[in-house]
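Structures incoming, each one as structure tokens.
You will see two complexes here that share chain A, one where it goes with chain B and one where it goes with chain C.
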Partner chain A sequence: MTKLLEIDHLSIEFASPTGPIQVVSSISLDLEPGQTHGIVGESGSGKSVTSLSIMRLLPKDQARVVEGDIRLQGQSLLGMSESQMQKVRGNRIAFIFQEPMTALNPVFKIGRQVREAIRQHSKKSKRAAQKEAIALLSEVGISSPEQIVNVYPHQLSGGMRQRVMIAMAIASNPEILIADEPTTALDVTIQAQILDLMKKLQKERGMAMILITHDLGVVAEVCDVVSVMYAGQIVEQGDVKTLFREPKHPYTVGLLNSIPQFSGKEKRLQAISGQVPHPAEYPAGCRIAARCPSRMDMCDNIEPTLYELDHGHRCKCHLYRGDENVTYS
Partner chain B sequence: MLAYVLRRIAMMVPSIAGIIMITFILTRVLPGDPALMITGEQALPEFVDKVREQYGFNQPLLVQLWEYLKQLARGDLGFAWHTGHAVASDFVSRFPATIELTLVSMVIALIVAIPLGIVAASRQNSIFDHFARVLSFIGSSVPIFWLGLLLIGLFYSKLGWLPAPMGRISDNINPPTHITGLYVLDSLLSWDMVALKDSLRHLLLPALCLSMGTMAIVTKMIRASMLEVIRQDFMRTARAKGLSERAVIYKHGLINALIPTLTVIGLQFGALLGGAVITETIFVWPGIGNYVTESILSADYAPIQAMTLISAVLYGCINLIVELLYGVLDPRVRYE
Partner chain C sequence: MLPILEVKDLKKHYPVKKGIFGRTNGMAKALDGISLTICKGETFAIVGESGSGKTTLGKTVLRLIEPTSGSIIFDGVDITQLGAESMRQLKTDMQMVYQDPYGSLDPKWTVGRTLEEPLRTHYSLSAQVITERIHRILEVVGLTPQHALRYPYELSGGQRQRVGIARALILEPKFIVFDEPVSALDVSIQAQVLTLLEDLQSRLSLTYLFVSHDLSVVRYISNQVGVMYLGKMMEVGPTEALFSDPLHPYTQALISAIPEPNPDKRSERIVLSGEVPSPRNPPSGCVFHTRCPKAMPQCASIQPEWLQISENRYTACHLYTN
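On to the complex of A and B.
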């Protein structure tokens, strides 16, 4: 069976004055219909770059895919012409961005911007599109959509604008919705509402979703499968229950320990020491070694592979290598 | 909105009062004896004195200023002795020539500058971008008098494609029926193809010459603001909807890039309406710029003062219109 979306050993380089820098290294992930895949990581771990590369929205003059492929139902997105790709964007794969405050065009009314999303991939009249825009806005929980179509983005709150963004994203009934930190810029109370809305819409419309976030709480609540990214690589991947119950990678363990717990005794939060290295300064061995509490001698020089544990649970750490699959590189 | 407009107009009053004072004083301080200019160098001293007395040039400066203000208050702009007409009627007969020249040069400048600026920004560092940069560099640094003479030398003297740079229409062709005073428009309205063709041929070189500066600055502005707009999040949203790059740039980008450029266009327009002195002089264009030059050369105070005042008022009005246009383009602008 072909997967809905398949990212296959994808590596992306960015141009820099000192030569190309690899910011995403050999990432693989699969997405099944209706599934929600979370990508978690600190800022600079390459999660946004990965998501933008699926839509081929990275700046062409700066970013280059150097290895791997992205396939939508078996068809390579990277091999598509620009006009074929335009038929995918917004139509089969839709995107919700992090910053609702700046993601809408300030000089056009909401109605026009939603209509545009509708009419781009269907031959509807302006009037029909306007009607549908109002229906979509009400579907995303906007209470007086007839009025909202006639206002400008700056007249709406962040949460309202993110609802508008969601309405535009689902306008053409996409198979996949990619949401890049959709709630990060919002108030906590609004965050929960937006997540609930996205979950509801996903269920009703049977969309698959890729949710990019740095918030493990969000992942636990929404996702089926999760990939933990660090320094441009996936360090652990598996279904949410397994990963939260039995985190294998020291980095994932560290992430989980840094979440405040409300049950049990008061404990000091454990922070992961150090910082994500700059892509130009990735070490030869394991990229987390310098920050890892379980560091071994080999970690500095030998890069671990993504070891298969069980049921699709993978972990990129020497702690889990079987003796037979050590690779010296 | 109306209150805003009224307040803005009220705010123009002090600056215009200042301009009246400064021009008055500057014209008096400049060398040149107007009485001598009126009578001619060879006139008898008694006659010169008589003229001086008649025009009040012998009065103390403050008295002259007071007389001038009283005259302005009556709505009288004074008398231009070097033409023998009231300044107001000179202005009315010459202003359409300047408007026509300004409008056509603005149109030429914008037709070139807007697409060029957009292409330069959307294909940064391409051949178009380099061309735009070279053009705006040349346009802003070439002296108009040199360019004007060069154009005349090539298209009139050498190639003979265009008529002699003398005015708005050839002597042997009747100007079109007076409707607006703009020859091109009037000849279109009265369907006078002979006048249309001839006036366009006269208009081409001065308009081209005058457009260079505006073209250069608008190209630069559009390029710069488009480069900024292209990186905005909403442009990425538009691409993510599946819009073509062309639609993204022209539908979503252009309006946003035009907002800051509007200021520059307005300022240029206001400055040109005040009379393109050099261009009008080179091409003997019977507009305001030419009139001001003649007035200065003849030390004719009244038209100099009047034209400065009118330019200042026009400039202020155009600035106000630009600000109101902001509100049309950008819904975030509120007038309070």
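On to the complex of A and C.
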């Protein structure tokens, strides 16, 4: 199958007073057209940095790609000039953020902001853009779009703002939509509405999606493929059904055991002990070793590779040494 | 089991001011006739979306917010009638843990000072006793005596929340209100704090009022659940019964909206249309009728009564009238 987006052994460093700190280490993922790829992890796992790097939105003076490449249909995004990149952003890859209030401009009416998103990428008259803005707002489920274009962001609820953000993101008919925690700030009933809307739009428009979240429930609900990140690395990657049914990595197992299961008999939660290490203090071996219930002696010193199990299911853990079909990285 | 807290017909109405002279123009009903009973040693959870009044309820029960009317009976005493001094003494029995472990600790105080403050406010103890109690409580919540010397910025989110819990526990209360205690934490840390709360409850025979929007957490931690919507109680019942057989259409929708970590069960969700209306201008009749998939003609005009459905299950819905 054709790869729409390819992240190839990407490593990113941030400058710090004590020298560069690597926050993302050699991660790889492929996105096919129409596919939804979930990136799940706790705070500090590097999931947002990864998504921002695809759009080249990381601060240039602080962040540096030290290794690897990001390719959109075979073309390197990292090698593009700023003006070429500007054409990719919004046009071919769109982005929605967690907090729609900070992403919208508080002093402009909704209509103007959506129009701007439309006219950024097409030469439409103000009137035509206004008409399209209303059509887009209606497509994202806003019931009276003619009135909504005349209000300011603060007059809308969180769910409505997120709908406006989605309307702006799909204005240019992008091939890829990157959504960074799009429903985290919303109530559950509104979250259900927004997830449904995103699934519907994706199906209708054939967009591929990268969904960044900390919520395994959301991943199970909408994603086809999942990457589990921990401390800047992908520790497990695979098809959503396989990964949830047979999680291989002790960290993934731990994560699944730490959420109270909604159905089925309750058992005591199994917390993962300890906490995520600071990026400056990543250990030499496996980065989870200190918190891992299956830790072996080699884990402290030798970093495991991402072993390929079957059907694209990969796991970065010494437990699977020798089980793999082919070594992946 | 003995009730430790009984809330009867509790109301908190805020005047809505309008115009430059601040003329009162109607009332926002943050709490509108809430009744509940919490038994000793139990965890009673309040769930609801933003604007349901769940946090207001948690704070009003401790009189951190003064109720407009209604009674709050704690250990046989109606605390709404107590004067300032008796109320201050009562604070050793009733404590609160807040959601945001960043905002609820003073950044300029060491952990030791934060924990010392309630002891100094309520008792006159020698410095040595205070230090001993601080060290003991830090160990109880899974920290070490060394943490007493740290400042909040030196701690992780999970450790800060442990300090918040230690501050509530140091006066040895009987009853603690938790306002979204784990929603700011990562899942692995969330599980650590939840299991800590369970252990503390059984070790110290504590009673909890647990306010949360997260139904999975509520199902895990609580014995009883109350579901709130726009300042009103929609349904109350024992946790397992309420989750396996929800009575009120709102509870049903809320439960079906939760994304489960199981891709084989991409459920047919009941997706509610619309959003929570403003509490300043709540709908007539049943406050939920504007979003209810089972709304009937009378729902728009007649407010449903609080009905007892079976031994300990209650709901307010016209589906169960008659």
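In the analysis below, the second predicted complex is superposed on the first by the 318 of 329 C-alpha atoms of A that agree within 3 Å, B and C clash if a C-alpha of one lies under 4 Å from a C-alpha of the other, contacts with A are read in each partner's own complex, and residues count from 1 in each chain.
The rule is short, and it goes like this: a contact is a pair of C-beta atoms (placed from the backbone, for glycine too) under 8 Å apart; a residue touches a chain by one contact, two chains touch by 3 or more.
This one's a predicted model, so the numbers in the text were calculated from it and none came from an experiment.
*Asks:* Is A:Val23 touching the first partner chain B, the second partner chain C, both, or neither of them?
*Replies:* Touch partners of A:Val23: none, neither chain B nor chain C.
*Asks:* Quick one: is A:Leu216 in contact with chain B, with chain C, with both, or with neither? Answer first, second, both or neither.
*Replies:* Second partner only, chain C.
*Asks:* Tell me which touches more residues of chain A here: chain C or chain B.
*Replies:* C
*Asks:* For A:Val188, select first, second, both or neither according to whether it touches chain B, chain C, the two together, or no partner.
*Replies:* A:Val188: touches chain C, not chain B.
*Asks:* Name the contact category of A:Leu255: first (chain B only), second (chain C only), both, or neither.
*Replies:* Only chain C; A:Leu255 stays clear of chain B.
*Asks:* Should A:Ser157 be classified as contacting the first partner (chain B), the second (chain C), both, or neither?
*Replies:* Touch status of A:Ser157: second partner only.
*Asks:* Quick check for you: in the superposed arrangement, does A:Leu72 touch first (chain B), second (chain C), both or neither?
*Replies:* neither
*Asks:* Would you please give the residues of chain A that touch chain B in one complex and also touch chain C in the other complex?
*Replies:* none
*Asks:* Considering only the defined contacts, which chain A positions touch chain C in the complex?
*Replies:* 42-43, 157-160, 187-193, 195-196, 214-221, 223, 240-241, 244-245, 254-263, 266, 268-273, 275-276
*Asks:* Tell me, which parts of chain C touch chain A in their complex?
*Replies:* Per the stated touch rule, the residues are 49-50, 156-158, 186-192, 194-195, 198, 213, 215-217, 219-221, 243, 253-254, 256-266, 269, 271-273, 275-276.
*Asks:* Looking at the complex, which residues from chain A come into contact with chain B?
*Replies:* Those in contact with chain B are residues 55, 57, 61, 82-83, 86-91, 94-95, 97, 99, 102-108, 116-117, 120-121, 152, 154, 165, 168.
*Asks:* So in the complex, the part of chain B that touches chain A is made up of which residues?
*Replies:* Those in contact with chain A are residues 124, 232-234, 236-245, 252, 255-256, 259, 329-332.
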